[in-house]
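Next come the structures, one after another.
One chain, subunit A, links the two complexes that follow: it is found with subunit B in the first and with subunit C in the second.
For the complex of A and B:
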């Protein structure tokens, strides 16, 4: 195999595919490598940890077709460190040679035959607008659990409903639900659970490209953006019935400027240390935020708001609250509550397609 | 060339038959219970191959991959520290929840489950109890400790027994050991095939067994003799680790080759180091226990032959030796334990 490519392009390709390569102990050693395939002027770089696979193609000047597996991190570091300009790569027998300008590196490739076979995706491809999906992922993935002991909650539920597609994530402390109307990638009633980690990677890959192609199978989901393909194994299991968590009525509704609330929260949470909550005092034309950390100090700030409902104080984990406000689109948000111990719902005014439900914290 | 997937499962015909029947309508979890060296691990791979491929034809690609431990839908979990840890338990739960890569089913093989800690057990209970439909757990344990009774009650139990001496010896002969050495190693291995393989490479095995056997004849009621004998026996135990150390050396060389090829990260260097230390420790204890069993056997033979003057003292000696064997669980000072034991044993006249 022999090819020539611009350093920036090769470095970017190696870094992107390399994110799926793994050197965790207990996995096959060859998974610490990325697979390079050169065929008629196209270089395909593939990285996988058997759960997540990232594959992308770039154009190169190729003199000789071929395939090889090379150490992901080492080769990415080398290419990144080379002087700008063209990089020449050739792999023959048991040696990979990388050269640019007056720099010359030689690296031992890994065993090509040990590398897992790549399966071509099946299923019908469906095209979606990548900007809309990117924004939906930004809003939803943050609520997925990172606790592997509750594997089902580490996934994002993608369910087909009458009015389009629904994305749902929860870590049992908060719940994010996003509707994607007029989007259909599943048969009605069908649902899949996609690992949050894979969708976080997908967010990084979605970069304003116009179209995202999705194939959802029974075992894996395949996402293609431009020349990059991300494949992930699906999570099996029964997702909790999140609809039961959504309150049926919201007698108390606070409307407040998103930026003002976010700024005030950012300041006040400095004194919400050691997992202490931030209290929101609702009533009248102002919203008061307070944080008290025993033996350290306290903080309070008032911001303008409009409130319709009974006076009350409700407390939240400040990080979860900030993540919810940050995820919402629009200049104004509403916080709907029933009472200080029932889940509260955050929405953007005029943006009913997204809701962020948050469990309050009991305070004395 | 493997001729049968069960080829490496030695002396476990009952278990094999049960597994063959179980494969026709598998349940979600199996618990393989039997002593170390009873080829549970090999049985788990063979059963996994049968479950995934639906055939016992070893020439099939997926069967071969499972038997070599390289199938993407078979996850083998061996402890990296003293027991399967909380982090490993989380990894098991996560992997169990993912769809299979190739086929319709995936198999999780969990080794040395009797060493599982309570915090990891609590994380695993729900998943083992109700795994996704595509997952089958094969859990291997030397015994079922009290803490794991809940988990074990959720599994179909398959019992493995000590491999009998003749099967062990026959197996060693098939593997190229000469019949005499094979018989000797099988006799000393106590039904543990792994240990028998190691002993078959130990040229000092016969001499070491003889040294222990002759202890009762050499005792003369003199403390100095006890001290000398204990020193000699411990020296032989020390030397018994040589074949194992040689095997470890090969593993280290293979690991360094892997590191040169794939880099140190994820190479399992620390895990290998810890495992080798554990194996050395275990081998040493096994050898001491085997030696004490030989001494006890000498007293028992003498009692049966009627060649002893004070049968009650000899019977008591056997009890003392068994007490000493039990005391090894508490990780005692070996020299002190042996000195105390030998000092209390009666002299046997040959």
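For the complex of A and C:
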């Protein structure tokens, strides 16, 4: 195999596919590599850890077709470090040579025959607007759990409903729900659980005005954007009934500027150390945020707000609260609560398609 | 190494606790002494065999180690005490902590609390509750009773699991006993509320 490619393009392709390659020991050693296939001017780079596969093609100037598996991390680091301009790559039996300008590297490839075969996607392709899906992923994926102990919660539920698509994620402390009206990739009533990690990668791949093509199988989901294809295994299991968690009424509603709240929280949070919460004192036309860390100090800030309800103090994990406010679209947000021990609901004013439910923290 | 229960393990200088090869009990060991070198043939109920050829015997000794005393992990016990100190209500409703490691002349008491009637409650925490632990609690309470300012004192014996004899002894001494679940206690993040 022999090809020539611009450094930027090659580095980007290696980095993207390399994110699906595994660095975990104990798995198949060849999975720490990326597979390169050169065919008539197209280089295809594939990375997989058997759960998630990322494959993309770029145009190169090829002299000789061929396939090889090379160490993902090492080769990506080399290409990234090369001087700008064209990079020449050639791979013979047991040597990969990479050169650019006066730099010259030679790397041992991994075993091509050990690399798992890639399955071509089945299922009906459905096209979605990538900008809208990208924003929905940004809002929802953050609430998915990263704790493998409860695998179901590491997924994002994508469910088809009468009025379109619903995306749901929760880590049992918070819950994000996003509606995508008029989008349909599933039969009505059907639902799948897609790993949050795969969707976080998809979010990075989605850009600009590209169209996103989705194919949902029974065991895997395939997402295609331009020349990049992401395949992920679906999570099996029963998702918690999140509808029961959504409170039916909220007697207390706070309306506050999104940016002002986020800024104030960012400052006050500095003194919410060692997982101490940030307290929100609700009442009148100001919102007070306070944080107290024993033996360290405390912080307080007041911001203008309008509040309709009983006076109370409710406390939250500052990171979870900030993540929720950050996810919301619009200039103003509402925080609706029942009492300091019940989940609070954050929404953007005029943006009913998204809600972020957050459990408070008990404070004395 | 041949253990009293019959299991056989072949160890090397490295590899920590992991044997190079082994055969679990129950099994039978036949020593074949007529050949040179000697061989041991270990056979399990599935008729699988492990044959060990002994080329050189440097030392051959047998030691009686007696009853298995069980493994006591101090880390867990200390953590258990810590968890119970932050949520004494899991031992008994309405308890409030006075002090962890309450000092006495014969050693510190794990937890000293007060109940809603303001009665002092001395608590001994163990991983495995047996008679020794109950006796220990009794000795501590004797010491505490020397201090008349404390008033009446109750004893509570807390462990992950308590042996039946220890339960009987605790009751006969007028103590109450409570079995607690370590994993559940660990799962109780004191202030973090969950959606489900």
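Here, the second predicted complex is superposed on the first by the 363 of 364 C-alpha atoms of A that agree within 3 Å, B and C clash if a C-alpha of one lies under 4 Å from a C-alpha of the other, contacts with A are read in each partner's own complex, and residues count from 1 in each chain.
Everything below uses one rule, namely that a residue touches a chain if its C-beta (ideal position, glycine included) is under 8 Å from a C-beta of that chain, and two chains touch if they have at least 3 such contacts.
Quick caveat, the model's predicted, so the values are computed rather than measured.
When both complexes are superposed on subunit A, subunit B and subunit C end up clashing with one another. Using the contact criterion defined above for the overlaid structures, shared-chain residue A:71 touches subunit B, although it does not reach subunit C. In the superposition on chain A, A:134 contacts neither subunit B nor subunit C.
Taking subunit A as the reference chain, the count of touched residues is higher for B when subunit B and subunit C are set side by side. In the superposed model, A:318 lies in contact with neither subunit B nor subunit C.
Contacts of A:22 after superposition: subunit B is touched, whereas subunit C is not reached.
Using the contact criterion defined above for the overlaid structures, shared-chain residue A:196 touches neither subunit B nor subunit C, since it reaches no partner.
Residue contacts after overlaying the shared chain place A:47 against neither subunit B nor subunit C. Superposing the two complexes on chain A places one region of subunit B into the space of subunit C, and among 97-105, 115-123 or 205-213 that region is 205-213. Shared contact residues of subunit A, touching subunit B in one structure and subunit C in the other, are absent. Across the complex, subunit A is touched by residues 190-196 of subunit C.
Within the complex formed with subunit B, the subunit A residues making contact are 22-30, 32-33, 50-51, 71, 73-74, 108, 110, 116, 147-152, 154, 195, 218-220, 233-237.
Contacts from subunit A toward subunit C in the complex involve residues 170, 172-175, 240, 245, 277, 317, 341, 343, 357, 359-363. Chain contact summary for the complex, subunit B toward subunit A: residues 70, 72, 77, 80, 89-91, 93-94, 96-101, 123, 127, 132-135, 258, 260-263, 265-268, 271.
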